[in-house]
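The following pair of complexes shares a single chain, chain A, combined with chain B in the former and chain C in the latter.
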Partner chain A sequence: MEEKRNKIWAFIITGVLILISALYYQTNVFYMYLVAYIWFGFAYGMMLQYGRFCFASASRDLFAAGVPRMAVGILVALMFFSLIQATLASTNMSTFHPAPFGIHTLIAGLVFGVGMVLSGGCASGSLYKIGEGNMTSFLAAFFGLCIGQAIFVDVKWFDFMIPQKWVETAAAKGIPADKMTSSFDNYLAGYVWDQPTVRMSDLPAIKEALPGASKYFIGDALITALIPAVILLIVIYFFYIRKGFLKKRAKQKGGAATSFSDDVAGIWNMITASKRTTLMGVLIGIVAGLHIFVMKGMQNRFAVDNFGRLLTKMGFTADVSTSGKVFDPGYWYITSQEGQFGAWILEKFGWDMHDNIFFGVNNGLPEPWRNPALWMSFGIIFGAMVMARLNNEYKFKLPKGELIVWGLLGGLLMGWGSRPALGCNIGAFFIRVAGGDPSGWLYGTGMVGGAFIGVKFFNWWSERKMAKEMESF
Partner chain B sequence: MKTPLAIVIIIVVVILGFLAIYSQQHDMSAQAPGEPGAAGYGAAAGGYGSAPAAGGYGAAPAAGGYGHAPAGGYGAPSGGYGAGHGAPSGGYGAPSGGYGK
Partner chain C sequence: MAMKFEKTGEGTYLLDVCGYVCPHPQIYCKKSLEKMNEGDVVEMVLDNPSSVETIAQMCDQVGHELLERKTEGGKIYLKIKKA
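And now, the complex of A and B:
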């Protein structure tokens, strides 16, 4: 009975999304741009749920239980995606752009890493877990990533952290005063925008040494993503797998297993240990690449560089920023659109969210039904819900007790940790590294460091709680 | 694999395949109702202009925006965060005037 109901729900959700897509197409063909985000989001959601792909789970499993399954899956996805990104860049079909490089990326990653472990899901993980019915993830996403993030970019609470030099630098840029009202505005215009952007294939040394398409494959994919990912796989193997694997292999062989080929077999065994995760890693990499290909094609087809131009053509000028744009990354991205959703809600309560650079100048505040990237997030939730329903894994779970606190606190830290680096585990790490931007590794290092702190904190908290319970017992 | 799951996967693959083909056809028949043509944002003169290859926070191939001129978006030397889109004349980031340095 339950299984039948799940199937019906899965088809209803899919059917409704098809209907919505058709309605958008009928309203205006420009909305096909937005429809593409819906369905790539849906595909991401299905794959994330099936592969249980979550950076928080990866960190927790690795640091708390010594299980590297998820971390390996993420690295496999990264490797495939980097090759596809290089192919797209070499054919001028990439929408990727590097981010300002600086210490802020590392610090933001650290805060985000702590947050994702506390809330029990990273930015993408929280969305697919909402699709599974996990309301702790909903708390984290709604109050942290949506509301918390929107508030973060629009308040002066952090002025004490902003050096006078940044304020002066920001003021010198001549941005209208009515768009420069928050601490984050001074941080962006006074610091971040002045940081260099680095993409391996753009470096003069790489460009000169590797003319043509090879700079993308060697500079962006091989040097930035593949070699570091392989090194990380080897490190994970040595620290978490090797000892047990060689012991088992020696038993099977009936002798010592210490040769190089044994280690290679061990690494391969680690990669293929969870076919489900590895397969999804490969598929996510391919689909993320196809997503870029399609969005670039949409931009070419409609002769625009941003969906905001299409909104303007359709007459929705209030949706776009002063630069005529809305948030439209052109690839898989998670957090900025949730911040837009939070800001949209807060505006309904009378909070002016257009008076800052983030929404007012850069990203705009479209109505949710005309927000392409937000539709991608909804797509992830619905895609995960369909997959969970079809596998009878959907379970509506309300948070209780301290889970509410962890969900809220973790969500806020994720929201606040994603803004200074202008991205999350997907936008600031996964996409950037695969695109040849080394700042992604800086964010990743911070994120893993933060996750380690988060795991240690949880261990300490659990032990303290158990000790107290034992005392009272 | 269960049949319902296979059906949903086929639906998604077909839709993504359709989008991939659709996105590569540049017939430019798409136009908003009552839309006069190539006016407004991205027009040759005036408005905010459109950078042909850029997107999101980012790179405009030429012309200012907030921050560094002559290339790049708001502040980034060669694109990066902050939309850079300068029309040949007028608007933020235009070579003459605007908010660029």
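And now, the complex of A and C:
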């Protein structure tokens, strides 16, 4: 009975999304741009849920339980995605752009890393878990990534952290005073915008040594993503898997297992230990690349560089920023659109969210039903919900007790940790590394450090609770 | 909401972490196994599917035996024998 009900729900959700897509198409063909985001989000959601694909789990489960399942899955996804990114870049079909490089990326990653462990899921993980019915993740996503993030970019609370030099540099940029009112504005215009961007294939030495398309495959994919990913896989194997695997193998062989081939078998065993995660890693890498290809194709088809131009053509000028754009990454992204959603809600309560650079000048504040990237986030939730329903894994769970605190606190830290680096585990780490931008590794290093701190805290917390439980025996 | 870790008999335990999300079920599972003796069995109840993959792999790596794994009414039941 339950199985049947779940299947019906899966069909209803998918059917409603098809209907919505058809309505958009009938309204204006420009909306096909937005519809593409819906269905890529849907595909991400299905894959994330099936593979239990959560970036928080990568470092957290490694530190907390010694399990490398997710770390392996992410590295596999990264390798595939980097090769596709290189292919797209070499055919001028990439929407990727590198981000400002600096220590701010590492610090933001650290804050985000603590947050994702506390809340129980990263930015993308929280969305797929909402699709599973997990309302702790809803708390984290709604109050932290949506509302918390929007407030973070619009308040003056952090002025005490902004050096006078940044304020002066920001003022010299000539941005209208009514669009530069928050601490984050001074941080963006006074510091971040002046940091260099680094993309391996753009470096003069790489360009000179590797003419043509090879600079994308060797500079961006091989040097920035593939080699570091392989090194990390080997390091994880040596520290977490090797001892146990060789012991088991020696038992099976009835003798010592110390040869190179034993280690190769061990690494392969580690990669294939969780087939569903690794398989989804491969698929996510490929789909994320296909997503870029499709969005670039849409931009070429409609002769625009941003969905904001199409909104303007359709007459929705209030949706776009002063630059005529809305947030439209052209690839998998999570947090900025959630900040837009939070800002949209806050505006309904009388808060002016257009008076800052983030929304007013850069990303705009479209109505949610005309926000392409936000539809991608909704797509992730619905895709995960369909997959969870099909596998009878959907369960509506309200957070209780301590989980409310962890969800809210973790969500806020994720929201605040995603802004200074202009992205989260997806936008600031996964996409950047695969695109040849080494700042992604800085963010990733910060995330791992933050996850380590979060796990240390939870170890202490759970040890305390276990001791209480064991008093009686 | 509270987790439950009870001794149900000689060498048998119950760990109930229903309602908890990642990473709590896997942390409590690991800590419970650390407190038990070799050959002891813990019956674990949880309702967070994502944790099960991690727990299963942790058992495989360490050598703990996953004696039973079933899903009923949205709850997942695991029976683990400590190596």
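Throughout what follows, the second predicted complex is superposed on the first by the 464 of 473 C-alpha atoms of A that agree within 3 Å, B and C clash if a C-alpha of one lies under 4 Å from a C-alpha of the other, contacts with A are read in each partner's own complex, and residues count from 1 in each chain.
As a working rule, contacts are C-beta pairs under 8 Å (C-beta built on N, C-alpha and C of every residue); 3 or more make two chains touch, one makes a residue touch a chain.
Bear in mind that the values here come from a model prediction, so they are computed numbers and not experimental data.
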### Simultaneous placement of chain C and chain B on chain A, clash or fit
fit
### Task
Tell me which partner A:A123 touches in the superposition: chain B (first), chain C (second), both or neither.
neither
### Task
Mind computing the angle chain B to chain A to chain C from the CA centres, in steps of 10 degrees?
160
### Task
Would you check which partner chain A:S137 touches, where first means chain B only, second means chain C only, and both and neither mean what they say?
second
### Task
Quick one: classify A:I380 as touching chain B (first), chain C (second), both or neither.
neither
### Query
Given the touch rule stated above, what does A:A56 touch, chain B (first), chain C (second), both, or neither?
second
### Message
After superposing on the shared chain, does chain C or chain B touch more chain A residues?
### Response
B
### Message
Looking at A:L390 after the superposition, I want to know if it touches chain B, chain C, both of them or none. Which is it: first, second, both, neither?
### Response
first
### Message
Is A:N459 touching anything from chain B or chain C once the two structures are fitted on A? First, second, both or neither.
### Response
second
### Message
On the A-aligned overlay, A:G315 touches which partner chain: chain B = first, chain C = second, or both, or neither?
### Response
first
### Message
After overlaying the two complexes, what is the shortest C-alpha distance between chain B and chain C, in Å?
### Response
17
### Query
Can you list the residues of chain A that touch chain B in one structure and chain C in the other?
none
### Message
Using the touch definition from the top, list the residues of chain C that touch chain A in their complex.
### Response
1-7, 19-24, 26-32, 35, 47-50, 53-55, 57-58, 60-63, 71, 73-74
### Task
Could you please specify the touching residues of chain A with respect to chain C in the complex?
2, 52, 54, 56-57, 60-61, 64-67, 69-70, 117, 120-121, 129, 132, 134, 136-137, 240-241, 244, 248, 273-274, 276-277, 388, 392-393, 395, 397, 400-403, 455, 458-459, 462-463, 465-466, 469-470, 472-473
## Note on the structure
Contacts from chain A onto chain B in the complex sit at residues 7, 10-11, 14, 18, 21, 28-30, 32, 35-36, 39-40, 42-43, 46, 92, 95, 97-100, 172-175, 188-189, 192-197, 202, 287, 290, 293-306, 308-310, 312-315, 321-325, 327-330, 357, 361-362, 383, 386-387, 390-391, 422
### Query
How about chain B: which of its residues touch chain A in the complex?
2, 4-5, 8-9, 11-12, 15-16, 19-20, 22-33, 35, 38, 40-42, 47-48, 50-59, 65-67, 74-83, 85, 92, 99, 101
